[in-house]
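Notes for the one structure printed next.
Chain lettering (A, B, C, D, E, F and G) follows the sequence in which the chains are written, and residue indices restart at 1 in each chain.
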Amino acid sequence: MKKQSIRFKNYFYTFTLLWLLWYAFTTSLQPAELTVGAVLSLFVAWITVKYFDCCDPILIYPGRIVYFVGYFFVFLRALIKANFDVARRVINPKLPINPGIVKFESKLHNRFAKMVLANSITLTPGTLTVDVIGNTFYIHWIDVKGGDPETAYKEIAEPFERILLKIYG
Amino acid sequence: MLKKIFVLFLLTVTGVALWQSFRHAPFGENRVGDVENPETVSAFYLKHSPETLHTANSVTAIVVNFRGFDTLGEVTVLFLAATGLASILYRRKEDEEEEGGHLPVRVKLKSSTLVRTGAKILFPLILLLGIYVFVHGHLTPGGGFQGGAIIATGFLLMFITYKRFNVNHKIMVWLESLSGLAFVLIGLYGLVAYGSFLQNIPWTGRLNDLISGGLIPLIYIFIGIKVATELTNVLDTLMNTKPRKK
Amino acid sequence: MNSFQEVFIRYRELMEIAVYGVAILLIFIGLYAVLTKKHLVKVVIGLSIMDAGVNLLFVGVGYITNHTAPIFSPGYEDAADKMVDPVPQALVLTAIVIGFAVTALALSLVIRLYRHHKTANIEQLNSLRW
Amino acid sequence: MDIYVALLILFGGALVAFFIDDLNRRWTGPVALAFALAAAVAFALTPEGQHLRLSILGFDLHWQQDSAARFFGWIVLGLTVLALIYSVKYMEGKARLGYFYAVFLMSAGGMLGVSVSRDLISFFVFWEIMTWTSFLLAIYNAYYGVETKGIKYIIFSSIGAYAMLTAIVMAGHYYHTYDLADLWQAGAFSFRSYWYIPASLMLGFAVKAAVVPFHVWAPDVYAKTPMSFTTVFSGAMSKMGVLGLLVVLTGLYAGGGDGMFWFRWILGWLGGITAVAGTLQAIRQNDAKYLLAYSSVAQLGYIVTALATGTRLGLMAALYLAVLHAAFKGALFMVAGAVEKQAGTTDFREISGLIKRMPWTFFVALVSVISLAGVPPLGGFVGKWLLYESLITETHSYFLVIVIFFSSTAAFLYAYRFLFGLFLGQAEEEIKQVKEASWWMLLPMLVLAAVSIVTGMYPGLIFKPAADVLAGWGLPVPDWHMSILLNRWGNQVDLVTVGSTVGVVFVLVAIYITLKGRKTTKWVSTKDISTSGEIPSPQDNLTFQRGFFKPFERAIGRLYDWDANGIWEDLGAALEAFFGFVRKIYTGNAQTYALYVIVFLVVLLIFARRIFG
Amino acid sequence: MTAIVINIALMLIGTAAFIGLLRFVKGPTAADRAVASDTLSVIGIAGLVLLAYVFRRYIYTDLALVYAVLGFIGIIVIARFIERAL
Amino acid sequence: MVISPVHYIVAPLAAAFFIPLLNKLYDDAARVVPGIVLGYLVVVSAVLVPQVLYNGPITEIIAGWRPPFGINLVMTPFSAILALLVSFMAFVIWLYGFRFRRTLKGGVVMYYEILQMMMTAGALGIILTGDLFNMFVFVEIAGITAISLSAFYRDRDGAEAGFKYMLLGSLASVFLLLGILLLYTQTHSLNMAQIAERMPAVAQGVKIIALIFLLVSLGIEAEMFPLNSWAPDAYSQAPSPTSAAFAAVLGVAAVYALARVSYTLFDAQSVSMFLMVMGFLTMFFAETAAIAQTDLKRMLAYSSMGQMGLVMVALGIGNETALFGALFLIINHAVIKALLFMTGSYFIYNNNSKRLVALNGIHKRLPYVSFLFSLGALAIIGFPPFSGFWSKFYILSGAAKRELLPLIIGILAITIVEMTYYLRVIGRIYFGKEETEPASHKPSINALVAMTSLAVIIVVLGLYPGLISGYLHKASMFLLDKQAYIQNVLSVK
Amino acid sequence: METVLLILHYAGLFLILLGSVFLFLGALGIYRMPDLYNRLQAGTKASTLGAMSTILGVGLIQPSWFIKLFIIVIFIALANPLSSHALARASYKAGVKPIITSDTDEYAAVADEAGRPKTEKNTQTL
């Protein structure tokens, strides 16, 4: 009984997201567009529901929205910083780099959360996620400030993971 | 070395000939002519696509209606390529025995967990995008082929990231056959009802509405489905060729 | 009128060289690969490059300076005399799909050949001759 | 009865024979014979002078039962019927009888068709039918000849046929007709306007008539084909070449005699050379079949020379010899076939002394050989007489007379060799069991022998239809009598008297020799090679069977060096090598192929204006 | 003002594409070319959107979206090819 | 629904799309349905061809847009006869192979049947379409099926043959596209009638370049020397019914395209010399290569190329007589070569070898098949009274009308080469010494019917060419009359 | 309303300019950096931000386009880092050696265990 309701829930949020996406594609509120979009979203949801497990509706509970917004700004800051960092290195004729690959353990358990973290790391200053095996992140670091996992964790992942842990618990 | 020089000579002659002859069609020159009183096919299409067919995308109007017969052939080419591919790479029992009972695999190595997570999110998005592209083929630069190709790449993403991702071949066959048949049947409807194969129905709606262009969007949807299933089949067959030890 | 369009008008000759030239160059490169490369896959890639060149030539031929895509989307309903030639675009769509079909078929043949001869060298594919 | 009835019977009979073989192999031969007889009856019942015009693809076909058609048609049908009677026993027990008889009848149909065709289209169609069917029979006995020898026949025939075809289409273009009468009228065969039309026609006919240097196909094919068909092959089919040459000659006459010079001299000399070459080759053969084959080539040479004179007597000689050659050479090939069937071989070195075992066969051989040698009182003599008369009195070609005379004299040598090799000399142990041939085989042989005998005394029997032929086509006709020959000095020869006299003398001599020989001959095996203590090698000439005419061969040895056969074979080998080289352009390399395409494209682009401008 | 900014942006993007192409040509490994084409595709998406604005045609944005999707999947496929998983 | 030319394309297409579905429901659907479809096409031909011959050409509008704006199908007497020929031959070939393919198991049969049927559809499209680009599409349909079928058997060197065909075919399609594009830039049309109408205004230089690209492209498909190197490999590696179809279906369409482009788009005079010379070279190289072959199917393939060369020569001669001969030869070649491949296939099947040596004495094991093969061989050489003679005679007469004596001699000389190797094979079949005695596979009843019907056609057409000559005359006259074609197509409302 | 649009317009122009500069820098990074991983570092970050900024800029100038452009931006934000990661991982496993100046390469052991080729010769070149 419970399983079924979960299934329905999955269908529902997959469908809703897709329908929203359809609206974004068409940016039209014509009844025909919306109807067709609904039908097609339903169809795509039917095909893909078993894969689309990232975005449980839990995530849009009000408390978490705040964290989302918070994360966005943290990320945006890091991103802009990263870009100026890159600009600095690229323009500098000496190419000041000290690369290496470090690893650290993440506390996240949700696969989607790990992906968000990895992407964030890739987009932030001087780091690039090379691989994630289990909870171990391997990071290519353009300017290694310390080879041990703790330093790496602190420097690279902590600001993001703090918020992600709040969201995905 | 001598051969390469010879080849370069040949190609230069060919290139020069092409260049010389295309100079007779200067780049950017208007060769379409007056649209109101069409002398060329292009002008005729630009006139009748919005006026008669009420189809915003005149390329779509050409592809599906004015030159719809080409498109039927084109769909057939794709279908035949899929068939040919299957017949060329078909694995018989003897082949499997010859290769020591190896089963075919698509990918040999596990892919990154991140990509796998991402693919799951993107897959529905890509499918919907593909569908959007062919449903709006008469309104936007999309169409059945483009949409079908996008859907097939969505499947490609899943094929290369998941070792065990499989398509339901039965459904694929049904979709492929029925969409192809639908195309032909719509064409035949034109023949029966209006005396000309693939002739559009007279009711063609309002320009730039989703429901416009008469049967054009419908045909393009079927083309989209057919292309999507066929390309997916092609990719599936092409990738399922590596032997794997039992 | 933006400067992009001005460039198109003022340097028509240059654009001609750019578009037709690149298209013909692609055909040239593709043919060169077909005629000289020894690896079967490279030969097939050469064919695809040729196809690309021809397709580019199609699109280039249909282009009209300062004209826009032949799509009567909102705001462009009456712009028929400001649109590029739609026919080559429709044709190129067909040509692309057919090119893809042939390439897929070619690759499947390469796979079979590689399995049968254990080599992808085109010069060793001559059990049929004379 | 219309003309086509006989043709339909023959072609229909072919179909029936082919399928009846599957039902009962014993019936195939008789059924084929029945059809041939029916065709002969139908042919006989066809009214004289009947015209038949058919239209096919817009071409008017013209078949006519004129005197020429009857003359050549009877040669064909007569020989066909006799050969089929002969075949019933001769072919007994051989494989693929359906194939043999079907193709035989079709071949006869083709020849009969050629005889009645009076337009070039149907002439060519029947000509080709006759050719490929005879090819199918020529390879009947041995496939391994096909790669070289059998195929040589069809290649030469086709060179000839296609030369004809070229002439036909060009004539059709220039004169807008294919009808012979119209073409004769229009002067199409004159050498003045389009010389290659008569020339290529003559080439085509010359090949079929085995004229040097296009004769090389003939000996092998005549010798290798089943003898029952060789009879027809050599006796009738080669006469189709004669008919063709007659057609051209008629055209020359109708066109006012233009080019008669070329016709007379080139063809005449080719005929003479053919006669000599054939004779010389015949002399050195060790196999009866080959001997006869080369002899056929030589005899056809006489006929061609006679025809080439284009004069009254010459033409009469040609037609007369055509019939006689059919008779005696047909008979001789049947003799060879009978010997082969009864004794297993026709190699002179392996058998001899068959006279006692096969007396009837010997009789036929004797008569035919005498006729062949042109000795009175048999038919062959009359033909030679006419030929000499014509060459000396009408065209004054004395050199040609010498050539022909040399060849005739030399012909005695092989004629004797044939008789001696097979029938005279000592009988070996091995042939003790040999029996006389079946009456099915003897009967047609005797009929043919009778022709030689009867025409020896009453050549007028042939003069009459031959004169009709000449008169019918507007060619010069000589005076003729039933059994009297006239020479230029007006001396009369009564052939009946000559014949009776010689006959009596011959019988007396024969009795004398037989009685005397009994007493004097000492019987030793020819294979008894024990001489006084020395062991001879196989090359040593111990018996007459081996190297029979060694001294003669030594005397004229240089002539043998001109071996046309060798030249053709070298040419063939060179061509084959060339073909093998050409196909190497298909290297098997896909890139090379693509390069061909681009090279071709570039060549076209470079010379675009020149090619398409 | 608008035109100047847009032109500067187009020029920058064009130069960027050219530099990216240089890397693509240089290689040296297939992976390097893949990196170059990855960047090129992103540059291309931005360029397409900008051109859509230049020509004032909303419908061109669809192209950018499709191009983004195809570019991404293309790079993933190449990556799988490079690691010899195909 | 009234029968119309569009059925030629739509019926096989619908069937092809439907077969995979049907095959899931009914096991033999893939084998049966193509027969029904091709049989239906024969019926369509039987209805339409007389209509065309007596009432004049049919121009079928598609999608309701009259020419030159829409794509249209044109059935002139010339194309109508070829359409009848192609559909009939495809049906016979299907009939021939019906039981043969039982040896193949599972889905492969379906692939095979679909491809084989669609090759016919592609050929029919080439023959019927009045639109240049549409012709390209059908060329590709035919090409893709042909490539796939060449590579069908994997125990042979099929893939190699397929690859070579693919390579040259791709070059062909690139050149075809370039030619079409060039013509489009100059005439702003893709409709062949309108292009023909506007052609005089086109600059000579561009016209010639476009012509060259089209000729090279179609020359590849039509097996013109030196573009025909794919042919021997493809013919010899493909399954025998397919080899038969290459000659009887694909070759017909390719030659048609060549004729249409030369006669309608350009003027026959300017192409005349080119076609004659290339046709003659094609004959020469093909026949000389054929005589040196040791493999039956390769020999037949080279022979096919030789025949195509003769057709090209006839097209080049270009007067009505020669065109009549060309059309007759196309028909003859289709029928006879199909018969030769069919019977040859049984030889190969029995010997387990394609080598000519293996044919020695095979008539004892396969008397009837040997008989049919020999009949075909004699007919293709052009021996009277078989049909091959008449076509050759007409072509020669056409050459005579242009007083091309050297050409006549050349053609006949090459015919002697051709004759030589065919007669050698006949010799082997009947008189060769058998070397092996393998188990005998007798032809199945359907194959017998197919082969016999072809043999009957050969004989009947040889004896009564009048049966079809009137139609052929009409057709060849129409091919020559460019204005009539333009008129017929462009006047349709 | 007018002013809002004007402000959006100039904000948009600024974003476009900024974005294109970053795109340029990203390309420069791709060209200048010494090894593949550093190229990825530079290229990814700069080009991602650059593209996002440019596209959003256009979205601000044309508000009616915003929603669709936003979808593109989200897609880029999601997909681009993923593709870079995939390329880095694949290259490393295929044996493309990184330049390591800090003596830290924790991933080498993992890749070697997975069968990384020993020499760079084995890296695929096309």
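General remarks:
Please note the rule applied: a residue touches a chain if its C-beta (ideal position, glycine included) is under 8 Å from a C-beta of that chain, and two chains touch if they have at least 3 such contacts.
What you see is a predicted model; the values in this text were computed from it and never measured.
Least step count on the touch graph, chain B to chain C: 1.
In terms of the stated touch criterion, the partners common to chain A and chain E are B, G, listed by label.
With A-B and B-D as the two chain pairs, more C-beta contacts join A-B. Distance between chain centres (mean CA atoms), chain E to chain F: 48 Å.
Chain B and chain E, compared by their mean Cα positions, are separated by 23 Å. With centres taken as mean Cα positions, chain D sits 101 Å from chain A. Between the Cα centres of chain D and chain F there is a gap of 43 Å.
Within chain D, the positions touching two or more other chains are listed as 583, 586, 590, 594-595, 598-599, 601, 605, 608.
The set of chain F residues that touch two or more partner chains comprises 133, 137, 140, 144, 147-148, 151, 154, 159, 162-164, 167, 171, 178, 185, 190, 205, 209, 232, 289, 292-293. For chain C, the set of residues that touch two or more other chains comprises 27, 31, 34-36, 43, 57, 61, 69, 71, 73, 87, 91, 94, 98, 101-102, 105, 109, 112, 125, 127-128, 130. Against chain D, in their complex, chain C makes its touches with residues 31, 34-36, 43, 122-123, 125-130. Across the complex, chain D meets chain F through its residues 55-58, 96, 99, 121, 124-126, 128-129, 131-132, 135-136, 139-144, 146-147, 150-151, 154-155, 158-159, 162, 165-166, 169-170, 172-173, 196, 576, 578-580, 582-583, 585-586, 590, 592-594, 596-601, 604-605, 608-609, 611-613.
Per the touch definition, chain G reaches chain E in the complex via residues 9, 13, 16-17, 19-21, 23-24, 26-28, 30-31, 36, 39-40, 43-44, 47-48, 50-51, 54-55, 58, 61-62, 64-65, 68-69, 71-72, 75-76, 79-80, 82-84, 86-87, 89-91, 93-94, 96, 120, 123-126. Chain contact summary for the complex, chain A toward chain G: residues 21, 23-25, 27, 79-80, 82-83, 85-87, 89-91, 95, 97-103, 115, 118-120, 122-131, 133, 138, 140-142, 144, 147. Touching chain C in their complex are the following residues of chain D: 583-584, 586-591, 594-595, 598.
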